[in-house]
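Each remark here refers to the structure printed beneath this line.
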């Protein structure tokens, strides 16, 4: 179970997310910085709700201000199209 | 490019908004990243119990093209295959277009719709494991069979509708199962909660058989639900629905070849002794819908977490104004509901904006507000059964926010 | 404006051929690449850079970026959203030399 | 009894100090208001670029730090993505060539064997480089590291030596008795220690203002672009000479302080920087800056025009008026130390900063002249 992939883009598995929480991460952002979850192509759209679920499960809550900040571009864009 | 209003999302909410605005002479651009307008309407095809019996088919494709024609006739520009990648203040919207790179606009309506929630089951990244939305789009819009032998993981109104549509398209749907219980799928693996949610939603189920299923569990819900759960199998239109079995793993070397199924207790615990393998080539995963809110975060809207609406949503009032002046929301970005509500909200957001521009009277806004309520009552499908409570929570939060803002100013 | 504007032309059922990883694939005009591939029994579109696993359609409407491929030299086009064109070259790999001088 | 020290700030400087202190048998507690590497250390690029540093105290520090980096992975027993791939400063025209030549001569005199290579040789090393590049510098000793990963590794290594990492603790003030710091107040609770070291980067000024100590550190924003994953295309650190040259030109044709800096991460994404702007604590990204950086990147690497940008971010770098960090004890308050103001050198200088500060705090001799880094140098400055 713990080797199930959570972040499809970056191939991050559940045990890496749990290890990040063990390491002190208490936000989507904190997990992201520790194991690259949500840092790929879809920018966390697919996995972030699942990570919130894990955080709620492990830490009891995941306040909205601890979810990941949105940075542009919200969709990938070719450098020549900027 | 200079416009009066930019609408993000050419789904039911966005297009209806554009029509209302263009009718009053505003210059409107709608952008959408899909290659044709219509949004989720494009995949919808079902019988609507609120329509006259002889002509009760809700064909989203037809509705989408009618709405699009109307908008275009009124002078609305719809840019497909176009994405907004950044929005800056008052308002410059940067888009992925080779010629028009930015749109300057006085107001924005965000109608970005929903995104599917992932349902991670072991092996869910394999080729052939697709989301229920993809299954719907490929079956109803593209007329392509996503597989020959299919199972569904996740039992909810949407997945049941799609399973019925797929069966109708000649695909062998072997059954619908719950996901293996884990911290990743929360209540989706609980048989009791699944059945209760279905019962609440099936009050207004779109399909005849779905309505029969609703009767099964109507009335004293909790008692009936518990007795129903003693049965291992319910069939709808020949599709077996297993409320006491879970898919624990999706197997296959290069592609989905089979799923592993285990029995669940009434409370949703796995019975480890019994295991069965079902040979399939496609798995449809249904984790539910969430509002797609990234564009509202980009314009710095105040966000709130209201699970009864589907999760994190931009704070807005009953007239669909957000906390940022000039930014309005409509459709699933405000909470997960059906296309009819989205269309009514599209109109309301447009009128709310027109009222702020002093182009319409208050009565018209109130009227549009009331038609949202009517649309809600007439909606054939409820994704979140407690949506009305969710809307009330939003109203309270808005008032609380206004109060706080009042003190600060 | 270069982009196709609405109303979108109805699907004509004429055939369109394109190349996917050196194989000629024939689809119907108006189909996205992923749909044409699936109609031809091709489900794997790329491999995950991290795990090496094959990947294909997941969300089907442009949110997940799993079905991306290089199309006529432009990397990471979503094949679920990109319509097929005659002679189009679709590849699972990124070819960085394309834009080089 | 073990000496007790409180470290404020969980960036790469704070975690490095916590590590070297705990190595010196000090009882360390680190307070961080958010999370490890949540500020500047988590929003910067990877370069440990030394060839462009001005000869003097910073270069001396940077060289010592670079030596330490070579064995840091072994010491911390973690993969820090350290790579000594060398570095280049790209030269596009005769004017830049002239300026860079002078710079290279200075570096040679300082003992760095930086050389200038032809455009062709540069393209040999980095084949996708534009033909418009006429020459380039080359120094094989420039390196790179994963900054966030390094901060986490320092924190974990410190924890292994019993340092405590108190995340989500906001330090509200200092406990001072008879001119000596005896602890801090954090999350409405008092914590006592023999010494306190402030490593709060751009947030140092406001923290120390509470005890009337003025520190001339201001935030300077830098924006960075992240591309999609690519096959290995760039093996070294690359800077553009235009920024260095434009600094010498009078006039203000570069209001955002844009200077191209490119490197490729282990995962294959390119980090493309950067800008230098004084805009307070605003950490948003600006479309004009993003476009300008992208334009320059495409000029240097034409293939980039067909590459996707997947993310942008900005970081606030702790700027000091003389571009030197502030390291050492604060004379007016006994037991209170500061290590902040590294601007863009925080990553490069983290190991040496940690080591020297640990020595200073433990009262040991440092084999380095710390005078240039003393906060006293600002004593007569009008801030």
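Note that the chains are named A, B, C and D in the order they appear, and that numbering of residues resets to 1 at the start of each chain.
The rule we apply is simple: contacts are C-beta pairs under 8 Å (C-beta built on N, C-alpha and C of every residue); 3 or more make two chains touch, one makes a residue touch a chain.
In this text, all values refer to a predicted model and were calculated from it rather than measured experimentally.
Trainee: Which chains share more C-beta contacts than any other pair?
Mentor: Chain pair with the maximum contact count: B-C.
Trainee: Return the chain label for which the distance between chain Cα mean and whole-protein Cα mean is smallest.
Mentor: A
Trainee: Can you give the whole-Å distance between the Cα centres of chain A and chain B?
Mentor: 23
Trainee: Suppose each chain is reduced to the average of its Cα coordinates; what separation in Å results between chain B and chain D?
Mentor: 45
Trainee: Starting from the mean Cα coordinates of chain A and chain C, work out the distance between those two points in Å.
Mentor: Chain centroid spacing, chain A to chain C, equals 27 Å.
Trainee: Any chance you could list the residues of chain C touching two or more other chains?
Mentor: Correct list: 48-51, 53, 55, 58-59, 63-64, 74, 76.
Trainee: Would you mind listing the residues of chain D that make contact with two or more other chains?
Mentor: 228-229, 267, 287, 290, 304-308
Trainee: Please set out, as single numbers or ranges, the residues of chain B touching at least two other chains.
Mentor: 33, 86, 94, 97-98, 115, 125, 292
Trainee: What part of chain B is in contact with chain D in the complex they form?
Mentor: Residue positions touching the partner: 86, 88, 92, 94.
Trainee: Enumerate the contact residues on chain D facing chain B in the complex.
Mentor: Touching chain B from chain D are residues 287, 290.
Trainee: Could you list, by residue number, the parts of chain D that touch chain A in their complex?
Mentor: These residues of chain D touch chain A: 35-38, 42, 148, 152, 156, 165, 167-168, 227-229, 267, 285, 287, 290-291, 294, 297-298, 304-313.
Trainee: For chain A, which residues are in contact with chain B within the complex?
Mentor: 1, 4-6, 8, 14, 43, 45-47, 49-50, 53-54, 57-58, 63-64, 67, 69-70, 72-75, 77-78, 81-82
Trainee: Inside the complex, what are the residues of chain C that reach chain D?
Mentor: 49-50, 73-76, 94, 96-101
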